[in-house]
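Heads up, there are several structures right after this.
Two complexes come next, and they have one chain in common, chain A, joined by chain B in the first and chain C in the second.
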Partner chain A sequence: MIQTPHIPIASIVETQNLARDNTPAEPILSIDHVTKRFDGATAVSSVCIDIMQGEFVTLLGPSGCGKSTLLRMIAGFETPTHGRILMRGEDMSHRPAYDREIGLVFQNLALFPHMNVFDNVAFGLRARGRTDGLKAKVQDMLALVGLDGFDDRRTGQISGGQRQRVALARSLVTQPDVLLLDEPLSALDLKLRRQLQTELKRIQQETGITFVFVTHDQEEALSMSDRIAVMNAGRVEQFGSAVDTYHRPATEFVARFVGETNLLRGQVQAASGGRVTLKLDNVNATVTVPAGDSSLGLGTDVAISIRPEHMTLGTGTDQPIAATVLSHSFSGATITYALDSAAGRLLAQVPFQPGGGHPLPAKASVSVGWADTAVTLIPGKPGHSQSDMEN
Partner chain B sequence: MIARYIGIAVLLFLPMPIIIVVLSSFTSAGYLSFPIKGLSLRWYAEFLGSADWLRVLGTSALLALIGAVVSTGACFAAAWAVVRHKIRFGATYETILLAPLIFPHAAIGVIMIVTLSSLGWLGTFSGLVLVHCILTIPYAYRPVAAALRKSDAALEEAAASLGARPWRTFWMVTLPAVRPGLVTSLLFTFIISFDEVTVTLFLVGPFVMTLPVQVFSEVLESASPIIAAVSAALVLFTSAMVFILDRVIGIQFFVERD
Partner chain C sequence: MARTLRSALLLAPSAVLIGIFLIGLVRLIASSVLFDGQIDLHHYVDIMNRPDYIAMLGRTLRTAALTTFFCLLLGYPTAYYVARYQGNRNILLLLIIFPWLVSIVVRSYGWVVILGPRGLVNGFLMWTGMADRPLKLMYNDFGVVMGLVHVLLPFMIIAILSVLMQISRNLEEASMSLGGHPFYSFRTVLLPLSLPGILTGVTLVYLMSTGAIVTPLLLGGLGDTMIGTEIFQEVMHFFDYPKAAALATVLLVTAMAVVLPLQFLERWLSKRLTDGAPS
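Take a look at the complex of A and B:
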C-alpha cells in the first residue's frame, strides 16, 4: 500500500525533493523501539513503525493511548526514554525540534495571533533563512490551500476552516520531510470536516510530502490513510493498510475500536487444511473458519470477529446461532438489527430490499450466520483484558 | 433612588481631595489655604526653579525607572519558570512573590533598616532600589504571569517546528504575545515606586531623598503652597501614565482574572 509520490505541482516542491526518492527501500521515518515514561507511567511502550516517503500514515487510538506523545517525540518536543527516532537512517532522537525537517499542524492550530496570514506562512522560510523568492513561495502555497488574496487578513478575522488552511500552508511551505498533524480537524463541524479531509488528501498527493496524521476518529483514519497504526495503552496493536485494519483486525482491540463488530469467543477443537473448527462459548454450536496465518493448538482460546454487514439473517435453523430481534434501525440502504443470543448482543446489518416487506419485528426468532471469507480469527491472549477500553 | 444619590455623592467625593490640591496649588497667597485667595502660577515657578526639588524629582524618576525595569525583568524570569516550566513548588514561589503586598509596610521599613545597615546601604540610592524592587515585585508578577498564562505554549512549539531557534522564537513569538503584560508591569511598577512613601520614609537620609518623602517632610515643617504644586504635578504625571496605559492596553487588562 505504498503510495508512489505524485509529481508535485510546479514550484511548490523543489526537484531535489524528488531526487531523494530514489532509495525507496529506506524508510523516511523509523520509530525504533521507542518508549516514553513520565514519572513512572509509561505513555509509549516499545513502538516500532517504519514510514515510507510519500505515505499517508495515521496513528489511530482512543485518548490517552500515547499517539500524541509519539507525535511529540517525532516533532522533537519530547525525548524518548528508550529507543531511537531515525530519519533517512539518521538518529534524530536528541536533535532539537528546530533542527528537524518536520512540520507540525497543532490541534489548536497555534497560529501567531500578532501576524497576518502572509507573515504566518512566511515564518518558517524566514526562520530557516530561505528568503529567496519568499513572496512567490508563500503565495503559491496560499493558492494550493485555496486562500489566494488572504495575505493581509488577521488570523482572528477568518473562519475556522480558513485558519486550518493557514496552519497547513504554514507548515508545508518549508517542504518538511514529514508533516505531522495532531487531530487538526477535531474542532470543526462534520460537513467542513469531510470537506477538509478530502482536501488534505489532495494536498498530500500533490505535494508528495509524507503525512503522519493523529486521530481518534476511525472513519477519518479509514478514509484518508495509506496505512494505519492502531494504538492502545502505549502500544501499536496493528500497523497495516486501511483495508487490513478493518477486514483483518489483528487483535480484539482493533476489531472493536475500528468500526462495529461481533466478537464470538470459543476454543479450537480441530485444525486441518488451513481451517479450524471452534466450539463457541455459551452456544451449542461448532463453526469452521479459515485459519489465516495463525497456527493454533487444540483447546486454545480464540475469538472470531465478524462485521455487522457480513452477518446473514435467516429464519430457519440452517445457520449456527439462534437469536431474537431486540430492535432495528433503518438507514435507507440498510437495516441494522440488534439481536440477543446466547453468545451475547449481536449486530447485523442487512441490505434493505425495496418491496421486500417490513423489517423484522422485535422478539422475532432468527438464525445468524456469516460468509466464510468475512471471518477474522483472533488468537486470544490470556490476561490481555480489553475491559479498560470498554468503559 | 436614594442609592443612586449616594452613588453620585460618592463619585463626587472620591476625586475631591485631588481637586482641592490642584486648585490650591494655583493660589497667590504665601500659605496653604482653600478656597484660594488669588490666581497665580508662582508656586509652579518656584517648584521648577528649585534645584533641590528638581534633584529629588530626578532621584524619584530614576529610582522608579530602575525599579520598574528590574522588577519586570525578574518577574518575567520567575513567571517563565512557574508558568512555562511548571517548576516544583511553583505555587509557593508565587505566594512568596506576592507577600510584600500583605506585609505591613511599617514592618518592612524596620526590617529594611536592619538589612540595609548590615549591607552598608542605609541612606543610599542602591538601598532604595533594592527596597523598591521588593515592593513592586507583586505588582509586576501578576500582569506578567497572567500574560504568559494567556499566551499559548504551543505558539513557541510551532515556531520551533518551523525552524526558529530559541532566541528567534523568544523575540518573534513569546515577547509579542506577552507585551501587554510587560507594558502594564513597567508602567504600574513605575507608578508604585514613584509614589511610595511609607517604607522609603525609613530609609532616606541626608544624601538621598525621593519626591513624595520630600513632600511629606515639607508638610511637617511648613505649609508652603509649593507642596500643592508638587502634588498637582504628581497627580498630573500619574494620570498621564494611567491614560497611556488605557490607550495602549486598556484598563480591562487589570480587571480580568488570570
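Take a look at the complex of A and C:
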C-alpha cells in the first residue's frame, strides 16, 4: 500500500473513486472456488464471490454455515484447502495475515486492554511503520467515528458502543483494501445496534473502503448491504443485491432464511411465452406464473415463493387457494393472517384500511392469491439447493 | 457484631500462619546477632571477611540467575504452546506436573546417571569417538544449573501459563490483522500482557534456586558449594546454628535485594507498557 500523507477523509474518497473509475472491471477481492475442510468436515465448499471496490457486502447465514471460516480465510488466519483468494488480482491464499491489506473487527472486538484508545487506534500504523503524521491520522479517525477527545481513555472505561467505535477506528486507520467485520454488533442491545448500523453505513460511504460484513441477522443484512451472499452448509446459495435476495430468492433456503415467505410446491405442466403453468401439490389448482430466466422441462418439480405482503385475500373463489383463518396479528399499518390451507400453513400480510371493518375472524373461509410480479419460481426438488449462484 | 466475629474467625488461620512465620524469621535473625543478651555482629563480620563465602554468595546468585534465565527461555514457549493447544490440554499439564510426583533427590540422581563420567552422554560420546575421555558435565555449575532448571521449570511454566490462558487468541490475531509481524505482536501485545506471569515465575524460580540444597549437593562440585548447601552443612554437620542463621539472613537479604526491585520493575514496566507502545 502506498504511504499516504495525512489527507482529509473527503479526499481519500475522491482518490478511491478515481481509482475505481480507472479500473472498473477488476474486483478488489476475489474468492475463487474456495473450499475449507477441517478433519474431513467441509466448512466452506467451493465458494466463488467477486467483490468490487467500495462495496458493502454481507455474508449472511445461520451459525455453522461457514461464513466466519470464509472471513478468517480472507483475513489470513486459515488457509483454503482448495481455491484461491485474490486481492487486487494478486493471490493471497498463502500470505500471512500481517502481509495483507485487510482490517478486521472481531466479534468480541479484541481491543488491546493494556493500551488506551489512542494507542489502540495507532497500533496498525505503528506496526506497519507508517508513523508520519500518526497523531493527526489517529485523531481524524477518532473524529470520524465520533470519539474525539477519547485519546487517553482506557478501553475498560468506555461503553460498549464506544468500544465498537474504537475497534472500527483501529482497523480503518490503516486504510485497508478490505475491512472484514465478524458480527461486531451481535452483543449490543437492539437500539444501539440500529444506531451503529447507520453509523457503519455512513462511515463506509465516507471512507469508500470495501466492507465485508458477517451476520446471521437478515434484517441487518438487508438494511446495510449493497450485495448479500447468503450461505448455507458451506455454500453460497445466492449472491446478489439486497432487493434481489429478498424479491428474487434463488433457492428455497434463501426464500425461507431472508424474511418470511410462503412456499408452494408443484410440477410444471406447460411452459410457453415466458410463463409456466404449474400443478400445485395437495391443492386442486393450477397457476400460471412468470418463468423468469429458468427454462424448465415438463413435470419438473418446482416451488414458488410469495412474500406474505404480496398475498391477496378474497372471500370468493376467484383466487387459486382456499384457506381458513387461524389467527391474526395487528401491527398498525398491516394485519398478518395465519392461514390453514391444503398447501400447508400460509401467511398473508394485508394493509389495514381504517373504516374497512374488523379483521377477519378465526375460521373464516377465504381464498388466497397473489400478484403475478410478486412470484418467484424456484427450480429444484424440495430441500435441494443450488450452489455457486452468481450474478 | 456477628459479621465482625465471622471475619475474625476466618482470618484467624492465616493470622496464625503469618504469626508463626514471623516468629521464626525474627528468631532466626535474633539467633545470629544476640549472644547473652548482647548484640554481636561477629558472624556477619566473619562472613564478609571470608573470600570463599563471598565467592559462594556470588556463585549462588549467578547460579540462581542462570537457572531463572533458562527456565524462562524454556518455560515461555512451552507455556505458550500449552495455552494455544487445541486438543486435550490436561494431558500436557499432566506431563508438566508429572516430575513433581518424584522426589527431588531421585530427580537429581537421575542426572548423575545421564551426566556422570560413565553416564549416558559421556558413554555415547566415547562410544562414537567424539570424545576420548569423559567430559566434565557435572560436579560443576553446569550440572547444578541443569538440575535446577529441570526441578524448577514446572513452576515457571505454570506461572506463565496461568496468565497466557487469560489472553484471548483474538488479541494476537488483531495485532496480525493490523500488520503486526509475529515478533512485533509478541513484543507489543503478548509480552506486556503476560509480564505479570513472567515476573511471578521469575520470582518463584529465583527464590527457590537461591535456597537450593539437594541439587547443588548432588550435582555441584565439592569445592564450589552454594549458600543453601553451606547452611545445611553448618546445621547438620557442625551444629553451628548462629552461623547458619547469619548465612540464612544474608541469603534472605540478597534474595530480597533482587526480588523487591523486580516487583517495582513489574509495576514500572506495566505502567510504561500500558501508557503507550513505543512509536
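In this text, the second predicted complex is superposed on the first by the 361 of 391 C-alpha atoms of A that agree within 3 Å, B and C clash if a C-alpha of one lies under 4 Å from a C-alpha of the other, contacts with A are read in each partner's own complex, and residues count from 1 in each chain.
Assume contacts are C-beta pairs under 8 Å (C-beta built on N, C-alpha and C of every residue); 3 or more make two chains touch, one makes a residue touch a chain.
All values reported here derive from a predicted model rather than from experimental measurement.
The superposition on chain A brings chain B into a clash with chain C. When the shared chain is aligned, chain B and chain C each come close enough to touch A:G124.
In the superposition on chain A, A:Y98 contacts both chain B and chain C.
Shared-chain residue A:R170: touches chain B and chain C both. In the superposed model, A:A75 lies in contact with both chain B and chain C. Using the contact criterion defined above for the overlaid structures, shared-chain residue A:L134 touches chain C, although it does not reach chain B. Look at A:A110: by the touch rule set out above, it reaches both chain B and chain C.
Common to the chain B-facing and chain C-facing surfaces of chain A are residues 75-77, 96-98, 102-104, 106, 108, 110-114, 123-124, 127-128, 170-171, 174. Listing the residues of chain B that touch chain A in their complex gives 152, 154-155, 157-166, 168-169, 172-173, 176-177.
Only residues 75-77, 96-100, 102-104, 106, 108, 110-114, 123-124, 127-128, 170-171, 174 of chain A touch chain B when the two sit together in their complex.
Residue ranges of chain A in contact with chain C, taken from their complex: 75-77, 96-98, 102-104, 106, 108, 110-116, 118-119, 122-124, 126-128, 131, 134, 170-171, 174.
Listing the residues of chain C that touch chain A in their complex gives 168, 170-171, 173-182, 184-185, 188-189, 192-193, 270, 273-279.
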